[in-house]
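Note that the chains are named A, B, C, D, E and F in the order they appear, and that numbering of residues resets to 1 at the start of each chain.
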Amino acid sequence: MDITQALSTAANIMLLGMVCVFTFLSILVVAIKLLERFAGGEVEAIPQRKPAPQQGIDNNIVAAISGAVHQYRQSNSNK
Amino acid sequence: MEGLMKLWSDTGLANFVPGQVVMMIVGALLLYLAIARGYEPLLLLPIGFGAILANIPAAGFTDEGGLLWYVYHVGIETGVFPLLIFMGVGAMTDFGALIANPKMLFLGAAAQFGIFATLFGAITLNFIPGFEFSLADASAIAIIGGADGPTAIFLASRLAPDLLGAIAVAAYSYMALVPIIQPPIMKALTSQKEREIVMEQLRPVSKKEKVLFPLAVLFMTILFLPAATPLVGMFCLGNLMKEAGVVDRLSNTAQNELINIVTIFLGLAVGSKLSADKFLTVETLGILLLGAVAFSIGTASGVMMAKILGKFSKTPINPLVGAAGVSAVPMAARVANKVGLEANPHNFLLMHAMGPNVAGVLGSAVAAGILLAIVGG
Amino acid sequence: MDITQALSTAANIMLLGMVCVFTFLSILVVAIKLLERFAGGEVEAIPQRKPAPQQGIDNNIVAAISGAVHQYRQSNSNK
Amino acid sequence: MEGLMKLWSDTGLANFVPGQVVMMIVGALLLYLAIARGYEPLLLLPIGFGAILANIPAAGFTDEGGLLWYVYHVGIETGVFPLLIFMGVGAMTDFGALIANPKMLFLGAAAQFGIFATLFGAITLNFIPGFEFSLADASAIAIIGGADGPTAIFLASRLAPDLLGAIAVAAYSYMALVPIIQPPIMKALTSQKEREIVMEQLRPVSKKEKVLFPLAVLFMTILFLPAATPLVGMFCLGNLMKEAGVVDRLSNTAQNELINIVTIFLGLAVGSKLSADKFLTVETLGILLLGAVAFSIGTASGVMMAKILGKFSKTPINPLVGAAGVSAVPMAARVANKVGLEANPHNFLLMHAMGPNVAGVLGSAVAAGILLAIVGG
Amino acid sequence: MEGLMKLWSDTGLANFVPGQVVMMIVGALLLYLAIARGYEPLLLLPIGFGAILANIPAAGFTDEGGLLWYVYHVGIETGVFPLLIFMGVGAMTDFGALIANPKMLFLGAAAQFGIFATLFGAITLNFIPGFEFSLADASAIAIIGGADGPTAIFLASRLAPDLLGAIAVAAYSYMALVPIIQPPIMKALTSQKEREIVMEQLRPVSKKEKVLFPLAVLFMTILFLPAATPLVGMFCLGNLMKEAGVVDRLSNTAQNELINIVTIFLGLAVGSKLSADKFLTVETLGILLLGAVAFSIGTASGVMMAKILGKFSKTPINPLVGAAGVSAVPMAARVANKVGLEANPHNFLLMHAMGPNVAGVLGSAVAAGILLAIVGG
Amino acid sequence: MDITQALSTAANIMLLGMVCVFTFLSILVVAIKLLERFAGGEVEAIPQRKPAPQQGIDNNIVAAISGAVHQYRQSNSNK
């Protein structure tokens, strides 16, 4: 492939690339607008992350700790 | 134009196969269960995401050299990931309640009937045309009844890699469903009076006992069931690091960063096995059905054993704690506590249920070892 | 292997498996009782984990920190 | 004496090749930039150190079985390291500002012109004797204009591994130079009045939108550009873990310990590609030149697009935020904020610039996918 | 019955070989030393556990495809694990005390006589029938005198993999025994008056010096001893990350999570080399004996060098700090401090002993490089 | 190689090794003295590490946090 041919290919890619990037991100704009319509507006005044209780393995820790605390208290109250 | 055609010919739109679409919907469903419902999100979120990635047409995630291909081969085929998770779980587990009341081990043993009965059930399903479970398949499916994710993934990767995706999904889904599956069975098998039984306070356990316990378990596994030593060994290593008190920085890493890193990759790797040709089969329906059966039988046999044990025990035993013998730590112990509180608002069973709960982990690792030794050899 | 034969094998495994699980965990019950006899009853009233001094690599940190603090104090007190 | 001769014959002094000395100086320069100047130290420090190690005569770091050889082959050749970094970056990224003002995506799109114009420019350089960039080389070089490290490394490892070292160094160096490169261009293309434009406050974004956003991005990538799914998929996985709120321990590990570990190795591996025969070429000069061009064109086209967009928009748009479309998160957004403050001391553009800033990350991942699909297939 | 026979034939009971039982006892002994005695628990606990797992009959931990097989081949055979540990140790090390008083490097140099004398001693042992140490074996054994775990493991994995288990165990055991081995030697070689010597306060060291120090060390190693660059290079990388102050998140990860993860696996992998046929040999006795000799000679030569140095030095030097030149950071520095306090309750030598202590780390890395260059080439 | 020969080699290595170690570390002593001359004496009275601003990926966190805080405040002040 000589340079001129490569240049024409590069120009093609440049055009094609920008069209594709714009098309892709334009559709994403539409998608976000749809998101807003269907999922937006439900912002809670209270901070949201904290109360969501973690489950699964995390629970192991919680249980282990609470278990340990419980048992430790028991073992001390025994005396 | 040539470039445009190439781009189009590479798009997902031009390459989708119906099965892939369905599997992506399955992946999205798992994400929904994980995020919106809080079903075992630590595993089901990466599994669901992995399922979506694995089914992208022409993206090559599961082809040789693809990201999920590497993760699966490095972590699951070698067995390393479930073993590392098990080490971390060991470092999180407190055996105090079990050491204080070792009888609870019988409950953890009884609940394993869920596994072995399901093995039988899986073979029985072969009478129905369309099912052709081998003994190895049946064993891998049955371990769902162990209610223990890493054990199920480890055994499935050894005995039935093709069913790994469905088995892991079933195992984690049912573990998340324990609060729904167990209470009716527990209530059906116990009287109000039995559920009201108050158990005696547990004796304090010395540090020495806690340090020696994982070594004793390992020692016995070495003597009687070497096939279970990968699982039990890594679990005991984690627990020993926790209880030894001299390597806290290793123990903390094992139960935090290391298990987190491995969990992300394990989930993706399991998800990568959720391909249409392996998952969209009648066998998956059978696995889901058998999994539910396994959990139910395990719960029932745990409760029944607790009733029997209570008859012979000097100290009272509330049969509800038997249900925790299936493991599903610590969900099953909490369910026992909750059902107990409904019967008697002053009866806190949580600590008492932790005994059978962790016994169930050992029990299903032992059961996995037995299946490996008999079927896998 | 036809289904009937497989069923009989499965039944065998079921029986054998439950016997083994019970045997194994029963021996473990005995082992724990022995543990209690030989290692139990030494529960300390004071929390146990903290005082155990970490050694090995951890010491590197300790030494590095204490060294740094020491030197920092020195370098300041010099002035 | 024999031993002494052997020791001497092994010393660096006896084995140095001039190119290695120069490359060590390059490595030392990168360390200087990282430590004394604070140029992207998280990457440039390990890269510089890796460059020094790789050029030690007779030490064999990059020979088969050497440390850097392992790191490169395990982490870069497989593509795993940049993808894990991208997952971590996804877990650090807040798309709130973009979701609140999706028009900003057009700025992120426009800034990618820096990439495609540079591709054309790289091929044009072939007219000068000494340059022989293939289309794949040109694409890998052009991605420097994406101002995104992991994307550049991923694409370069796929399309032009020989140029990887120079491309990564150029990408991170120019990202560090954003506060110097961008302001003159931004000021040249805007009037004082335009720079004073105050933008409207962003609407609050719901948690649900934030959770669904990465899934929407992934879905679209699957449909239209599967070649971009490794990058976009891992990025979205990280972001989903962050926003889901149910797997915080995985998200925290992904954006802390995991990304740190991978960053160390990624840097060393990239540095290991800085060998004299690959780096001390006229092509490296071309890459450095083209990289500067790419950043400048990207900045300019972002600003121009913002001006055009402002004409059609109901709400005012300060054209300075367009410069943030090149990504270089969050440096470019801060530069936009700073230049805006110079024009109007009460005009805080930071949040508004975060929209195009994160849009630029998506934009260059999409551009990388397009280049992979067209050139890499 | 068939199943039962199969289970029985698989049990440890039916397969035990006497050597395995003995090695398990050795493993249990290491666990005891780690947990109950606090001997280097971070390494000896995983090593001991690994030794137990590796000797389980029929469990296959060290067979191809077994967990320990993977860990050993991925981490030790490649040399990656000890190098990563060394990077982490570098990130933990403060060279301030050494930079303030560089004469202390001579103490770190003198203490390496423990290594080279032991090499000679190991060859001498060949006169006794049963011992057949090659030069490579002797070098790997001698490095125990370096009192530095990762260096010993790295060199042994390169020169004498078969002896790796015994060498690592000896190295860590003697490092834990430093408070017992060193004081008598220190007291025998010094007078009460010498032990009472108060050293001058160290000058403050600038940040710039600390940043440039690891680079200077690396530079010299490159010039004169490339064979030492893997060890010294990774150590200096860790130290540079610590001192640079711009990559704290990388430095913290290197000295916490990363080193912890690697330590667990390194310990298991070393333990996996403790097999009966390799460990239960007369050579192991020789290694243990030579290790003790090496530590003693190193301590003695460090103290003697300090006495000589004190004669020529303008500022007073307490000969006790010479003992810290063997490294065993920071135990040996503490021992010097303690023995000093016994002689003079107001004489705090800790900071002064940190200089030779860290010099000893460099010294043994340099010695390892020399041995690699001469013997390993 | 018989033992005597090996012994002589070992003695050679011992001598050579100690010479090399001393030479190497002696040059390092010189290097440190040079370091002190050219880089020393600039000890700052203020603790040095803290103010050095972290850049690069870290900034992502900073920006994400400050962005989140900003937005959260805005969303609350809107009401």
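Definition applied: contacts are C-beta pairs under 8 Å (C-beta built on N, C-alpha and C of every residue); 3 or more make two chains touch, one makes a residue touch a chain.
Remember, it's a predicted structure, so these values are computed and weren't measured experimentally.
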item	value
Shortest chain-hopping distance from subunit D out to subunit E	1
Set of chains adjacent to subunit B and to subunit D	A, E
Counterpart interface for B-C, drawn from A-D, A-B or D-F and sharing over half of its contact pairs	A-D
Winner on C-beta contact pairs when B-C is weighed against A-B	B-C
Interface residue overlap between copies subunit B and subunit E, same or different (over half shared)	different
Centroid spacing, where centroids are CA-atom means, of subunit C and subunit E in whole angstrom	26
Intercentroid distance (Cα basis), subunit E paired with subunit B, Å	41
Mean-CA-position distance for subunit F and subunit B (Å)	45
Residues of subunit D engaged with two or more neighbouring chains	3, 7, 38, 41-42, 204-205, 224-225, 245-247, 249, 257, 263, 370, 374
Touching two or more other chains - residue numbers and ranges from subunit F	13, 16, 20, 43, 52, 54-55, 58, 75
Touching residues (chain side subunit E, partner subunit B) in the complex	3, 6-7, 10-13, 15, 24, 28, 31, 34-35, 38, 41-42, 45-46, 49, 52-53, 56-59, 61, 65, 67, 70, 256-257, 260-261, 263-264
Complex contacts: residues of subunit A adjacent to subunit D	3, 6-7, 9-11, 13-14, 16-18, 20-22, 24-29, 31-33, 35-36, 39-44, 48-49, 52, 54-55, 57-58
Complex interface listing, subunit E residues touching subunit D	78-80, 83, 211, 215, 218, 222-227, 229-230, 233-234, 237, 240-241, 244-247, 249-250, 252-254, 257-258, 370, 373-374, 377
Contact set on subunit E toward subunit F in their complex	98-99, 102-103, 105-106, 108-109, 112-113, 115-117, 119-120, 122-124, 126-127, 135, 138-139, 204-209, 212-213, 216-217, 220, 224-225, 245-249, 359, 362-363, 366-367, 370-371, 374-375
In the complex with subunit C, residue positions of subunit E that touch it	3-4, 7, 38-43, 88-89, 92-94, 96-97, 100, 176, 201-205, 255, 259, 263, 329-331, 333-334, 350-351, 354
